[in-house]
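As structure tokens, here come the structures.
Consider the two complexes below, in which chain A is the common component and chain B and chain C are the respective partners.
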Partner chain A sequence: MKLSTNKRNTIEHQGICHRDTGFKPVHRCTGALVFLFFLSFLLGASFKPASKVSVKKLKNGHFRLLVDRKPYIVKGVCYNPIPIGKNHESDWWSDPNKPWIVDGKLMKEMGVNTIRIYQPGDNPEEVKKVIRDLYELYGIRTILGNWLGFWEYPCPFYGDKDFQERVKNEVIRMVELYKDEPGVLLWILGNENNYSCLGRVNPWSNDEIDKEPDPQKKNAIRARIYYSFVNDIAGKIHEIDPNHPVALGNGELLGLESANQYCPDIDLVACIIYRGRTFGNLFNSLKATFDRPVVIAEFGADVYDAYLKKEDQNMQAFFLESQWRQIYSNIANAPQGAGNCLGGTIFEWSDEWWKHDENNPDSWKVHDTESNWSNGSYYFDIKAEGNKNMNEEWFGIVALSEELEDGLNKRIPRKAYYVIREFWKNPTIKKPKVKGKK
Partner chain B sequence: MKIQKKFCILICCCALCVMRYVVPCFAQGNDKLVLLSKQIIEAKTDDELYGYFEELSNIYFEGNKYTEFIDFLKSLAEKKKKIEPFINYYVGLTRYRQLKYLEEKQIWDEYFSQGNTYRDEITAAMQKVVDTAQVSEPLRLYARLILWQFHKDQQDVFVDQALTDLMDSAFEYAKTAHDTKPIKIVADKLSSYGEKGKSKELYRIYADKTISSEIKDDELKEIAFGFYKEGNLDLAETFYDVYIGRLIKNLNPQKTVPLLIDIARQFSYKDRQPNDPLYAEKIFEKIEGLAGEKGFDQDLIYLRALNLEKAKEYVKAKDLYLKLIDSKAPYLDKITYKIGIIYTYILGDIKQGKDYFGKLAQKQSPIGRASLYQLGLLAQWQNDPDKAKECYNKLTENTGELAASPETISLANERLREIEDGEPLEYSLRTFLDAALKERNLSLQEKGISLNCHPYEAKKNEEVNIASTSYTSSSGCLQVEIQYLWSGQLGKTKPSADTPSFSTSYSEAGTKEINLVVVSPSGITGANFDLLDID
Partner chain C sequence: MKKILAVMAVVFLAMPLCIYAQEEKTPPKEFVVYVDKNSRANHYIPSGWMGDYGDIKMNDQFMENPQDGITSIEFKYSGKKSQGQGWAGVYWQNPANNWGSKKGGFDLTGMTKLTFWARGAKGGEVIQKFVVGGIKGTYPDTAEVEMGPVELTDTWKQYTINLAGRDLSYINGGFCWVTTADLNPEGCTFYIDNIKLEADSTLKPEAKKQESMPFYVYADRSTVGNHFIPSGWMGDYGDIKYDGASKEDPYLGDSCVKIIYNSKATQGARWAGIYWQNPANNWGNVDAGFDLSKATKLSFWARGEKGGERIEEFKVGGIMGEYSDSDSASIGPVILNKEWTQYTIDLKGKDLSYVIGGFCWATNIDNNPEGATFYLDEIKYE
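== the complex of A and B ==
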């Protein structure tokens, strides 16, 4: 299944500048592959070759994601089905009750075509099983990511070569393990790691940074080191996997002027954005700073009104519907939009009850209503005490019940699930005329 | 059965009583609608239609009867084809109002099921108006305005283009139309949405078109003052600029200057009236240009200095205060203290600052004691505990003064305790002093932090609100712990380090300085300070 080790390039294809990985599609492949296909067919295995996923730049400068040459809009959810009473260390991949089967069915009914996994589990066979089940049963593709050591204690030492090497090897191992899975859509490197370059979140340093007295220059050095490191990994991935684009996970657009300088091998940006009902000028700003397409890899709204102290499903649905309208206004060939959006993955599929007080196992069984961060763009409940209105445990578009059904917490879709389902059925954005008759 | 029968009769009676009042009201509304419909059908000019449609829409909008209004408009359209642009405009406007209403009242079922249809209706209907109405018709301009407001409210990608189209339409309209009111309406709306630059452009056009050569200077001044009273300072300033231009052109300086002084006073900082200190300073500069320093008496210099102080132009304010230092003005002590404060904390010139505090230190007054405290504090920060103790002791030795300066004496006692216990200066205060006096690369007027008090001139025990805003870069859902290190003379409240704003009050008179340093995990992100006066 390994096709080539050529570096990715940009090719001219039928007059269209084609940002592509530059390799032959799998279905044009050798007789050996055909033989393998029939062999597996004969053996009864439902074998499918890995899809060819690429990013295409259109004549008008817009971007489109292609899967096996067909346009693909990412209609996704971030997926981390932690059961009530467990925390993030819970190995749901090995759950004999297979939560992804139940979730996949609901997702398919909603219209979800993609899930985003922040980092795969430890057992490759279990991970493959999940990816295959979702793809083969429901046609749902998987975005696989890696934290790039962001949460390592005491901090991610991006300025340290040994640390870089270790993280890079971990990512390469992930790619080698899953690149031939037909359900894999693309890779995301990091999440909001760029905030650490400003020294405010998970701050890190090295001798070069320590010697620099100017705080602005310190940040610039961190950005150079971090984005060069990510680009190095992206280049390596392209060498071993020509079939899947590589995304840079990035909080907001911070640091992307550095990415523009140091990340030529990045195919797209996976942005994490919490700006309320809108993404503002994000799409045009991205075009100006780092002209790559974007998947909004984390966005959404919590469902708990911290001011009125009650669940408000309409509030969540309101924000999500508005956000999806923005996404569709900016996909390729949408009238007047930036045309650089490839879709999005909602944060998140189901609630995670462990998040508020993550070191206290007793609280994992409790759906905490205490907020620990504030965001004025989510204005309905911003008058909550201390303006803390964002409830980490309540971001799911599917609620979890303590009641068990086939060994799993019962799934209860929220209003946003239905509202987005309806939106996806008819997401047309009509073109307003720019100029009228004089 | 009998009871049931009686109950039914009672209900019927009640219903009849209610109907007696409701039916005439409904009929009255109906009569009005019939009349307005008739007037619209019979109207001979478009000018008449604006008023009728306005009245009509008010009736429906007051009752939030949006869909009913659209049905009514459609029935009206069938009766008179010529009013189609009005029908389209009001269909779009109605859907726009309806969407806002649904969101505000959280009527979500209709919002989710009909929202996209209404949005399409807004853009389609307004576009029809743009396509069919003449450039000189206000309706076309209003349609552009609603389209821009709609996209602005939606915060979508079309908003920039919609604003460009709106401004283009306004310029085109201004070239051909005589009625200037629509330009003001658009400018007012732009201003209320925070588009100050664009609104000023249109106010200028409005003023140019409104002010004919026949209009007298006094009338012009009255119009400007009228806008000032309304709180529309942008428009008032636009008219005053024209008025001032005429004064300078037509009158001699002796006559012009007093009139300019009135305007400068009007716009100078005041706690409870509309003000624009920067505009006031612009007028003061004109006065200076016309009359030089002679144009300013002591009170006017003080007013200008105070105005600059509130505009955070501390150095310029200090230069003006210095002009009053040899006067016998009643506020001499206050300005001497402020000069000391500005030299010390803004310019980092401790020696000069001490000189000015020293001038006041012997005075048996709240400001004298505050100056002693400043001298003690600076000595303590400069590792001269003996000198610091001397100042604090002098300040606290007369316990009879406790009633006059309880807050300053309390601060001095805290500092004395620190010295006696061998402790460093309180952390927030020391961090501020280091930022202001040692790390001079960190400007106190750091752009990253704004700090404001309200009111700036308060009475004893009156509530004062102190608020800061720090502009920190985004960190997504990874919350950065920001600490607000408050120090200085904070009155009865001791704000905690996690609060960006607080309310307080003071029980002693004098000038109070509020110090703030904002700290994030990467270190100090900024510092600022503010001055307020307690009467």
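== the complex of A and C ==
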């Protein structure tokens, strides 16, 4: 079981050159490179060596994320700054108004130290610019991910070797492009792709699966194929990038029994969890099924009360504060916690107005209040019609205004922004007041 | 003498005031819900008829064999499902028919228990639960406490609902009974008398106990041991027919559960399922989970009418709300055999300290385009 890349990667790293920047961590570089590094520093170049990020298992079985040997709690947000009137295809990376500069400043003031990007843009130079700006100006690190072809039409053919090879090459290209960026924190492979193994979302098959009559065995075959594929990519990443851990982006804990069997090269799990006020038994359950640390890579609450039909910032702040308290209750050495949580990235930084009706450009300019789905865990507004209480366009801890400021939609932090800012300043792990089990 | 008389007059006049003042300070020892028809001590009215209200007949001045006083209340429940609900009950409210729209509740702070007397006409009548509080609305009750199921005897017996430690600062639903047609397929007649709240300072708040195993979700149609109610109908709930008292070849005992899913997508969801909940319709909004920490598995027997029916998921736990299940576990998809087959959900390593959703099944049109009829029996935690 590989939990930390430290030992193996230190050995492997000695023969690897970093083609993009020409710089390596100073303690591993030759004298000439050390000289070049200091020279560039003296000349005002802003490059820094890539940080060494690793996962360490402590003697008590708890896990800790280390960045340059220092403990690091991921205090993050999912970042996708789509302007009002645009949809997910909007190339914000090339926006001359640089939304990440405005957002990064607000994030730093809040205490955010990490952003999560689901998949980088097409232009590597623009992507590097964003990562560098956030890191150099605000000290904010970036988690980079890849969808692993999950949304490809008609479905992700994980049982097809050509499909696997193409996706793997795409991921490897991402790693090669950005692994030497000092601001990169870690890689996340996929995002809820495991649901396709259960046939719930984007179902896929191959001959082997088609021949199997038992549906439970079909799912088991899919899980073996998918998690083996992800592990294959993770192993390849470790070969070329010894400095950053690789996370498995998983919806809930579903399928992790299979991951335990087929994913020895995965360093941590990046879980997508929407359980309202609490994460329940998630941390202990993970320990029992796939003993890896976890970053809660998506969690949060929408701010729109679908029952009362109005924005309710208290409701969103209540859920987020409770969720962060649970995260801190389960970081390494916290009393009574599972000790396997490395932090989280809130879904999400700012609202996305395009989401409710993504095929209708007119609706991208409207902040839709119609709910998309139901989740009883967010119980304040569960009495909404049809119990539909989740408003996909309203998850931001920062609201967007139609008013422009320096060419960007004006950012208006919501109450959750301030509540979490205060929580991070002085994290307290309080006992819940209610009697019900969390 | 005048002076003495004046002093005595003052003393006599002042005494009642002193006594009154003392009464003001001392909280009452009891608070009556119902003792006798037309008693001025009664504070609540049995006006809140629920579920299959057409199945209920009430005689609130039944004079034969009262437990105390002159009358008791007779309830006749036919179990005919007049409104198609499969259950019925009566709330004692103040004022009558107040479902939380008026501020009529009482501050019962200081009371620690509710006691009442009950008996069945024959003995063996099963009341699913007795409840204090729990009415919602604009003026919601501050507590909801329940007890049950209770199997009545044919002689008067006193029952107690522990209210110690509960917030009773506003209670509009002073008392309530609920039962189901499954528990009483032939209907039942029962009597209730002397319902009152009492201040017993020796009573301690009830600790949640770890339930002993086996712990049944469903054993037989009218068994007191059925701890969860199949009330959580999901998705295309109009596609489901549920019979909790099917006599068609039960695996054990005199009955089993028969479910007909007709896959018509009545609500447009294209799937359907049922959660067994405690109490009925608890989607995490009522603090009422069982502590099933001793369980290592849930087992049940199932068969399809033809064989080949596909159930996407059998599940325990997983209800999320203000009060969430502490964990969840599932198996599936399962293709049912025509013969009874036992299935097991492994619960080792799971946190079952709080379970509202005792059992659940779900299936869909895509895998059952012609619908599915299947049977369940002996659903239990072990």
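Things worth noting here:
The definition used in the following text is that the second predicted complex is superposed on the first by the 395 of 438 C-alpha atoms of A that agree within 3 Å, B and C clash if a C-alpha of one lies under 4 Å from a C-alpha of the other, contacts with A are read in each partner's own complex, and residues count from 1 in each chain.
Please note the rule applied: a contact is a pair of C-beta atoms (placed from the backbone, for glycine too) under 8 Å apart; a residue touches a chain by one contact, two chains touch by 3 or more.
Because the structure is predicted, anything quoted here is derived from the model rather than measured.
Touch counts on chain A: comparing chain C and chain B, the chain ahead is B.
Judged by the touch definition given at the top, the superposed model places A:Trp151 against neither chain B nor chain C. In the overlay built on the shared chain, the residue A:Asn284 is in contact with chain B and with chain C. In the superposition on chain A, contact is made by A:Pro215 with both chain B and chain C.
By the touch criterion stated above, A:Arg325 is placed in contact with chain B alone, chain C being left untouched.
Contacts of A:Ala317 after superposition on the shared chain: chain B is touched, whereas chain C is not.
In the superposition on chain A, A:Gln336 makes contact with chain B only, while chain C stays out of contact range.
Shared contact residues of chain A, touching chain B in one structure and chain C in the other: 215, 277-278, 280, 284, 434-438. Considering their complex, residues 214-216, 219, 275-278, 280-281, 284-285, 288-289, 375-377, 379, 382, 434-438 of chain A touch chain C.
Taken together, the chain B residues at the contact with chain A in this complex read 103, 106, 108, 111-112, 115-116, 120, 123-124, 127, 130-132, 135, 140, 147, 154-158, 161-162, 165, 172, 472-480, 498, 520-523. On the side of chain C, the complex with chain A involves touching residues 283-285, 287, 289, 310, 319-327, 331-335, 349-351, 353-354. Chain A meets chain B in the complex at residues 192, 195, 198-201, 203, 215, 251-252, 254, 272-274, 277-278, 280, 283-284, 314, 317-318, 321-322, 325-326, 329-330, 336-338, 372-374, 386, 390, 392, 415, 419, 422-423, 426, 430, 432-438.
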